[in-house]
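Per-chain numbering from 1; labels A, B, C and D assigned in written order.
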Amino acid sequence: MQVLESGIGELIQPFDLDEFREWNRTKKTRKLVDKRMTEQEAIRQFVYDGCYIGTELYGTVRCPMSLAREVVRQGRKNLRVCGQGVLELDLWLAAGIIKKLDITYIGLEVYGTTAALRRAVESGQVETCVEWSNGSISWRMKAAAMGVPFLPTRSMLGTDMLKYSAAKVVEDPFTGTKVALLPALVLDVALIHVHRADKHGNCQIEGISGFALEMSRACKRLIISAEEIIPTEEIRKYPDRTVIPYYLVDAVVHAPYGSYPGEMAYMYGRDEPGIKEWVEMSKTAEGAKEYLDKYVYGLKNHAEYLKLIGDERLQQAVELREKRE
Amino acid sequence: MQVLESGIGELIQPFDLDEFREWNRTKKTRKLVDKRMTEQEAIRQFVYDGCYIGTELYGTVRCPMSLAREVVRQGRKNLRVCGQGVLELDLWLAAGIIKKLDITYIGLEVYGTTAALRRAVESGQVETCVEWSNGSISWRMKAAAMGVPFLPTRSMLGTDMLKYSAAKVVEDPFTGTKVALLPALVLDVALIHVHRADKHGNCQIEGISGFALEMSRACKRLIISAEEIIPTEEIRKYPDRTVIPYYLVDAVVHAPYGSYPGEMAYMYGRDEPGIKEWVEMSKTAEGAKEYLDKYVYGLKNHAEYLKLIGDERLQQAVELREKRE
Amino acid sequence: MTEQTYSKTELMICVAARLFEDGTTCFIGTGIPMLAAMLASKTTAPNLVPVFEFGGTGAILEELPRAVGEARTFHKGISALGICDTMETAQRGFIDYGFLGGAQIDPYGNLNSVTIGEHDHPKVRLPGSGGGNDVGSHCWQTIAIMQHDARRFVPKVDFLTTPGFLTGPGARVAAGLPPGTGPIAVVSTLALMDYHPESCRMRLKSLHPGVTVEEVVANTGFELVIPDKVGANAPPSAEELRLLRDEIDPEKLYI
Amino acid sequence: MTEQTYSKTELMICVAARLFEDGTTCFIGTGIPMLAAMLASKTTAPNLVPVFEFGGTGAILEELPRAVGEARTFHKGISALGICDTMETAQRGFIDYGFLGGAQIDPYGNLNSVTIGEHDHPKVRLPGSGGGNDVGSHCWQTIAIMQHDARRFVPKVDFLTTPGFLTGPGARVAAGLPPGTGPIAVVSTLALMDYHPESCRMRLKSLHPGVTVEEVVANTGFELVIPDKVGANAPPSAEELRLLRDEIDPEKLYI
């Protein structure tokens, strides 16, 4: 089972299984303590310059947009980012705070490629892009979540993706099948937005789970933002709906409309004009700066942001929600 | 990444990823067809002598006991079994229909070791026992479910478990960590009991999921028994509760009290006297035969079984259910 | 009977939609593939099972999804799980088709969505593989949908993101990709292409109305296999156009 | 004040229960460990987080589970997931303690629950590892609960199912098991044992009431490390016995 090929991409965040175990033993309490705090406190306490960070899911879908804005507001920089992202990572790129990317996809989906990514990468401001497929980056987190150093896949074989990644190709010793081995990925900080959490961090999600299960189990610090804070009795009534148990969580931030202008399944839909505003303004560096001034730097916190958006637009988003019918 | 050690246990069910893919391409319809049938039809059609078969979860917990009895009733034999089991596999062992075992645990839990297992293995009637831990056998199914030939783990290292398994030890090429590689496991037939399914096989489960997700994705044929058959509209209203999608499923059997004398979370509890009856009678070969005559061979189907048990006892089991409160 | 007017994009979507096989599972990428899948499910493939990478399977496509994770991707769906489950379903051989876009395509159907120019100092940084590489690796058959011009149809992609036939016959299996998989068609703004069964090179199959072989050749940056008989793609029907304009993309995001 | 009478099993459970550390995660195997965990959660460890392998975490143990998957293992629990999640949580280092039983134990704390005699032609076929091997491999500290006699406390287990210290100092890490893990105690019907920090061999720690060192030695099939000072385990308190008999095992399944 020798290594047949090795990607030349940098392993931006090397993995040490025993160190991760030791972290989980000593830095994560098993006690049911109250972890509620403001977004300012959570970002101040857990996000630091140069840390390896990721967000779940996508800027327009159940994404911790309020936390992502706070990271910019507090001026964190030189971030190393695990990136499949839409609005949230685009915002970070435009703010110039990303140094290295394990990139899978950063784009505006229906609105195409992003100018902020182009500016940041083509200018060399982002120093390194290591390539992974969406499946591969998720499996890298899944490896860490399983507590193993790697997972095999047939993704990326035969392509430049393999070459510009940090994966390795081996032959399966049982069947001779060629597989790529994906190194486990543990984030320093993960940001995940959920429908409901209790004060301890027990979380419920509706709709697709994206890669929330994997990411929540593959990070050293986990900041949860939640649309709603619910009593622990409610969690205990439906233990089969807890997808992220409290012991994984370091901070719980109450963030109604936390995914806005993106959506939250069964709660509110996308605000298309809100998204288009970024799409248009981010086409130039000046426009992006103006947007950041208006929606990030010029506001104190998420509450002020919601006030700026206004009840009427939020209510419109609620009208557009997916319904159980 | 050379192989440092290889278990001497037989690989009872060798895995071929490409053959599994081809099976999934050609033998599993993507159409929403009505797959409802009786337990007789399902077992007759999909379970054959010598097949490699498994049941989920445990004989006393959300287990397809009505299907397990039908397998005995139809005289299937020489089964190769993936075994973590309580009442269901004990019944099969007592009926003499198991030839080879990938064994993890077969016992009566609170009531201790099983005499049926002892008789079957110590007499040589079960020809082969290959040893796996509960985690390892689940990860073997998870490997198949992921569509990869193996998964790494640190379980089984350094013990006779590794030696008497079919695992291999290698060094992780990224970090040098020693890991056991578990070969993927695809069952010929899997039997899974769920709370609710529609006629196409879309399934919902409450309470713990055991290894239902992994096993349902790691088999060539999947027979579902369900407490309740619900309309597809109900499935589509809660797509986030479908843990087993229809395209994995070959047969849907309506089986109220299908897990009896075991339990079904939030529906009915264990019938302790019903379980003890097997515990006591199975202590001797004669007693086991008497039990099988009474509850399996002497009855035509699950409906007759339920009639024999009687409404009163079933109602008692319902009273003992776990409640959401 | 009046002549309908339609755009090249509308035509491309209609030709792509007709390729969907009813009763199959199909991985749907962002953008044009979503419109084609919707049109197919409302016309010739009512039992199509759309699969969206972040977890939605079997949605009823009543409104156009604008993101691969939004609620419309599991609207009245049969399941809403996560990305690992979806990708693993593909890796196990359960996804029949994959519909993809890209910035460049080469004669072997390899796609590029990472960089134009050198990877480490790119002229243009594109969004990245996303699920594209996974779809191209694991789905049984993949279909690309592309604008047709010589900058996009290139002899060699700058960065091989999503595997087509790689370097040609046998190369996929030699690389470890699953046997029996690969690209089967390209729908462009000019024509429908398939691949020569022996050489694995892209081959013209049928032309859009009003397009000539010469026009396709002139807009293709590599030598396209031209068969003796080239077919003709039917123009959009009135019903196809109505569906596209009134039901599928009334906001005119794409058309 | 009247002397309480109690059985050896009741005493063993009480001594085991006192070992649970409040506010820790603890993998609970079938049988006696469940009774000990319940007693602990009702006395000294009200914030114990019991973990049951098939998916239940943080249950409130109001009634004794009779199977590791039954609803009582996630009764008012904080989560009810599956076996892979639970085992992976352990593999990631999140489970502090594992409480286990076995048919045989050796001086290094290795446990056997597979076969007595040769594996392929066993004299006695035992149930198998179950989750035992996983618990012994991944939990930070493991505690065994055993009947104490020379047939069970053996120089070498017939089949090494659940890793203790394997062949002695350094052997776990050499085999690839996580550093810092291993057995820390054995609670038997006669005494409480721990392990010598250098030799990793089992060591007598404290005696149950009325038991002598000689009695322990006579019932142990290998040379036990006997320290200069041997402690004494308190008998069950009236409250412990009341809880055990009235609340934990009123059906007398174990006691």
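Note that a residue touches a chain if its C-beta (ideal position, glycine included) is under 8 Å from a C-beta of that chain, and two chains touch if they have at least 3 such contacts.
The structure presented is a predicted model; accordingly, all values stated were derived computationally and were not measured.
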item	value
Reference subunit A; chain at largest CA-centroid distance	D
CA centroid of subunit A to CA centroid of subunit D, Å	40
Centre-of-Cα separation between subunit D and subunit B, whole angstrom	28
Touching two or more other chains - residue numbers and ranges from subunit B	17-18, 146-148, 153-154, 177, 179, 207-209, 237, 239-240
Multi-partner residues of subunit C (each touching 2 or more other chains)	56, 74, 80-81, 84, 91, 138, 178
Graph class of chain-chain contacts, one of line, ring, star, complete, other	other
Residues of subunit A that touch subunit B when the two form their complex	1-3, 11, 15-18, 146-154, 168, 170, 172-175, 177, 179, 181, 183, 205-209, 237-240, 324-325
Interface residues, subunit D side, partner subunit A - complex	23-25, 47, 49, 56-60, 74, 76-81, 84, 88-94, 96, 138, 140, 178-180
Residues of subunit D defined as touching subunit B within the complex	30-31, 53-56, 66-75, 80-84, 87, 91, 110, 114, 119, 121-134, 137-138, 159-163, 166, 171-172, 174-178, 251, 253-254
Complex interface listing, subunit B residues touching subunit C	17-18, 20-25, 28-32, 144-148, 202, 217, 232, 235-237, 239-240, 242-243, 245-247
Sites on subunit B touched by subunit D in the complex	57-58, 60-62, 84, 86, 103-107, 109-110, 113-114, 117-118, 121-122, 124, 129, 131-136, 138-139, 142, 153-161, 164, 169, 177-180, 207-214, 263, 265-266, 269-270, 272, 321-322
